[in-house]
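Following: one structure in structure tokens, then a few remarks.
Letters are used for the chains, namely A, B, C and D, taken in the order the chains are written, and counting of residues starts over at 1 for each.
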Amino acid sequence: MKLYEFQGKGLFARYHIPTPKGKMAENVNQALDIIKNSKLPVVVKAQVLTGGRGKAGGVKLVRSLDEANEVVNSIFGLDIKGYKVKKVLIEEGLEIKKEIYLSFLMNRNSEKITLITSGEGGMEIETVAKEKPEAILKVDIDPLLGIKSYHITSVFDHLHISDRELQKQFTDIIKKMYKMVTELYLNLVEINPLVIIKGNRILALDSKVIIDDNGVGFIKDFDAFKNYDDLTPEEITAKENGLSFVKLNGNIGCIVNGAGLAMATMDMIKHFGGEPANFLDVGGSSNPEKVINAIKIIRKDKNVKVILFNIFGGITRCDDIANGIKKAVEILDIKLPLVIRLTGTNEKEGVDILRSLGLETTTSMQKAVKKAVSLIGE
Amino acid sequence: MAILLNKNTRVIVQGITGRDGSFHTRMMKAYGTNIVGGVTPGKGGETIEGIKVYNTINELKNKHEVDASVIFVPPKFSVDAIWEAVEANIKLIVIITEGVPVNDMLKIKNYIKGKNITIIGPNCPGLITPNEAKIGIMPGNIFKKGNIGVISRSGTLTYEVVYSLTNAGYGQSTVIGVGGDPIIGSRFIDLLQHFKNDDETEAVVLIGEIGGSDEAIATEYIKKEFNKPVVAFIAGKTAPKGKRMGHAGAIVSGAEETAQAKIEFLRKNKIPVAELPQEIPEILKNTL
Amino acid sequence: MKLYEFQGKGLFARYHIPTPKGKMAENVNQALDIIKNSKLPVVVKAQVLTGGRGKAGGVKLVRSLDEANEVVNSIFGLDIKGYKVKKVLIEEGLEIKKEIYLSFLMNRNSEKITLITSGEGGMEIETVAKEKPEAILKVDIDPLLGIKSYHITSVFDHLHISDRELQKQFTDIIKKMYKMVTELYLNLVEINPLVIIKGNRILALDSKVIIDDNGVGFIKDFDAFKNYDDLTPEEITAKENGLSFVKLNGNIGCIVNGAGLAMATMDMIKHFGGEPANFLDVGGSSNPEKVINAIKIIRKDKNVKVILFNIFGGITRCDDIANGIKKAVEILDIKLPLVIRLTGTNEKEGVDILRSLGLETTTSMQKAVKKAVSLIGE
Amino acid sequence: MAILLNKNTRVIVQGITGRDGSFHTRMMKAYGTNIVGGVTPGKGGETIEGIKVYNTINELKNKHEVDASVIFVPPKFSVDAIWEAVEANIKLIVIITEGVPVNDMLKIKNYIKGKNITIIGPNCPGLITPNEAKIGIMPGNIFKKGNIGVISRSGTLTYEVVYSLTNAGYGQSTVIGVGGDPIIGSRFIDLLQHFKNDDETEAVVLIGEIGGSDEAIATEYIKKEFNKPVVAFIAGKTAPKGKRMGHAGAIVSGAEETAQAKIEFLRKNKIPVAELPQEIPEILKNTL
């Protein structure tokens, strides 16, 4: 789960990682009030769950009250990669001497916690990796051992930081970020840029924090910073009902058990000339409720013209799914045609249940997909 | 011979008293798996599906020799369950549980290095050596003894492929679902090494998906060191970038992590890739 | 370093491990005052750095004020295995339902942190090990992993603790003890007995804590519980001067570099019919001051009739030692004969320095030891 | 062949800029040890005894291949220095430092299991293969090339014994001081396994002391599996119980940890034990 910049900085504050002074505003008037009561210049920063807001005009300096109105209005009017700006963070303007990139991530490839740093702060790390790879230092940290002094020494060497006082502040920030990563189950914590300002103080000017979806259940006060703002309302409903759902642009709704099979189903629809309307995994151990919720979510999308079930029973039992469909048919007024592929654990029981409702099934995925595509053609 | 699992493998079930644990204990037993005991803290002394339950693995090990453990414990308790199996030095640990935190898996993976312990999963369907034994939740009836090894990042997609293989007359030596999480106990490359040394396996089917670089790493390995035919399928060609597709590990975070990039890389290295899962038997026929 | 019971309980309090209510007294009057103001019965417990105080009469119940005077006086008058009682702990008397033994130790053999428990609380664990070994459970804990739920489950199974509320308290105590072990560099933390009292509360009735000598430098507020009460004044002086010194009962003082060689020197003195007066290791990297301090400490022992140097230079340089002896001879009025064995790193330089003082040396340990023994005979 | 160390072994010195580090770097170089670099954080770029200093091992490893490291770092920084060497996967790590906390050594020992890393020490004099190389602080001049392996818990007592051996004409294959702490990287049994496979070693001298049970464990191993003559010496017959005799590990905490008990157990298992260190050559003569 991605956090907003201001949420990430809230966590930084909790871990005593220094950030600029700043305040949140949720509308133009609030923002102008804050600016009026601030020492200028200030920076107004759009809060959106995507990168590239700088280029999109989402971060602007306000040097005088005259400028404030225009800047604030322009930012609240933005739509950045599909995300409307609903909140801005207003921070003190700072005199920056040096910008650094610093992050920790759970590294799938090395299977370590990897510290990444570069002296090219402010640039996207992917860009630096492409254009100036030697500027990047990666330090793999064994999570059994944690971060040690020699890891930090190599960071100083790479960044040419030799001032003792700076080293002390930097060490402190690095250790606290590492602590955050382990205690809050983070997939990523990124400060870009981490800045050295006048007076040799180090501050986190930005924050990017991604929490491991599997970890959120283990964080004590997770609700304090939970947000679903990068999900559509349907995706939120799905999540709350234990379903994996991603909206796509086609017209064949899919209900599949298993993520891999769900993707293969989408791919096959495309292969046979159709367009999938969604990814939906009803998961293992399905109870009938899940099927009902899945149908509810899918038919909210008015593009959907047919619902395709692709069930291969393993931990999911075919009779559970069939019972779900049965209940759904009973409760909901389903107008869309249902194409059902059902095979695997308790297949016979499931087929019998559906047959009693007059619903046909097939054991072949290809047949089902072709049929769904052909129904669109009609 | 097959790999990792046969009918003599002595298996225990952690979380045997839960709904899934008990159901699949029955299914595994019915398939022929040699289940010697179960563990659920606080339920020691009970009997589930004819299997004795213990409070801890150590207590169980006083009574039984153990070769493998399968973990059905819910996420909240799963991490300690995995450590318990690791500390008890069980050589094959299969984690069915979905929802194990990534940083715990990182610790576990770093800990077992050099300890000769194989972990499969988490968030996986387990593995099966047809006509011998199965560990996990795969539906036994679709499998058939034979010479094709299967390694897959997906559960149900595996069944789909195996179903086609079996229908086309291709039996399987061992079929392993490695799990859909970003950090998993055994990656493609680890299992290919097993299949390389297995006399019964004549060819391997790899079922990959978007996210991560396990397919690319496997491709490099196959090119350099693997001496048997491989056929691949990659799911997720229609998956949008940056969205998690069900599996925690199925998310594209770089251009090389798309299905298209993986397929290209495989083909560039002369490994055939099926367009549809059901085409795999046909491609195998041309390869063997 | 061993801690007193009351110091160990001070640490328990810091880690929120429950103990009985109690107060310290340093003399009879203080003790009687405390008892007067306490709810009776109370237990008066001698504070000494050795075991077996119970058998020696160092732990007594006071049921009424009439008994107080006699009990307190008798305990303050005790000498337990050479330790005079200078402090007592006065604790509330409790109604005990069950006594448990519980400890963690750094295990040299298994190279793990080992939890040891037994239902035979109150007995010395060595006695239980001999008489009823099946009553003891040992659980090896990998310090990289820490204590886990299944370790604790096996403790409950062994002790037959099935009550949920008791399990909760017990789990809490076990985890806190483990935390103490790792944070305070303990070689041992032992609670014997850990008691379950009326109302199903669990309390640590006693404490035994040994801190790793190598760890004390890493503990932040170590000074708060430092004590040298199990050392003689000479041993304390030695420790403060970076020397390893143990007093023995003979008359040949030994100054040796290296603990193994020092022990072998003592053994050889005995072998040739003499009696060593001490163990003394001047350590590596010796500076001259150490030699002077070593001589000062040894000659405080009036039994000593001769001082034997046995130096085999490695990290210790012979010239450093020789310079130390030279300074000592210059500063101190040394009446005792010196027998000097000197060989190894910078041997020639060392021998030259001593020769210039008119001191003879030998390169043979046996010759030196025999000479020292023979000097006693004269 | 000797064990663990020869003249080709590429050695680095951690804590090379300190008083002991620099002095012994000079001594090791003079003896013939192949010292390729030194590490002291913050002193990178300096040169000590002709050896280049780096801030970190990783930086050093960009320039040099490394087989072994010797650590002269003071206690406060020694733990991180050890971890640095372990994480850099250096195969032989010799810790001279006295004062490494026991619980850190416990973690380190548990971590290196299965990783093919040998640690000697802490609180040890190091090791030497005469006429080839030495790592640590032993005075090189007393050693002589030959066929006796020596393993010892004590530093100076080792020199004493070696001095007698050399004077009696018995050269040494490799001499190792394992260190005086309760938890050490290599115990007697670990090094006996090396000597067993070493063609150059014809007999082994074990120098033990009070405390712990490494001598007893070694005795069991020698009885069962070791095929070369062993002569032992145990220091501390006159040591009082419960008092630490200098070494953190030299303290009697049970009846089986006294010198007498160890000597008895060795003799019971037909391993000769010298009364005085200087008697060892004579006993060897009767054994070989």
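Following the convention adopted for this analysis, a contact is a pair of C-beta atoms (placed from the backbone, for glycine too) under 8 Å apart; a residue touches a chain by one contact, two chains touch by 3 or more.
These numbers come from a predicted model, not from an experiment.
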item	value
Interchain contact steps from subunit A to subunit D (minimum; 1 if touching)	1
Chain whose average C-alpha position is farthest from subunit A's own	C
Pair of chains joined by more contacts [C-beta pairs], C-D or B-C	C-D
For subunit B paired with subunit D, centre-to-centre distance based on mean C-alpha positions, whole Å	45
Distance from subunit C to subunit B - Cα centre to Cα centre, in angstrom	54
Centre distance in Å when subunit C and subunit D are each reduced to the mean of their C-alpha atoms	27
Subunit A and subunit C: spacing of chain centres that average the CA atoms, whole Å	57
Residue list for subunit A, restricted to those that touch at least two other chains	142, 144
Junction residues of subunit D, two or more chains touched	111
Residues of subunit D touching subunit A in the complex	41-42, 44, 55-59, 77, 80, 83-84, 87, 111
Touch list for subunit C against partner subunit D, complex	106, 108-109, 111-113, 126, 142-144, 181-182, 185, 187, 212-215, 217-218, 244, 246, 248, 256-264, 266-271, 276, 279, 281, 284-285, 312-316, 343-345, 365-366
Complex interface listing, subunit B residues touching subunit D	113-116
Subunit D - residues contacting subunit C, complex	19-20, 24, 75-76, 96, 98-103, 106-107, 109-111, 125, 137-139, 142, 152-160, 163, 180-183, 207, 209-210, 212-213, 233, 235-240, 243-250, 254, 259, 275-278
Residues of subunit A defined as touching subunit D within the complex	142, 144-145, 148-150, 153-154, 156-157
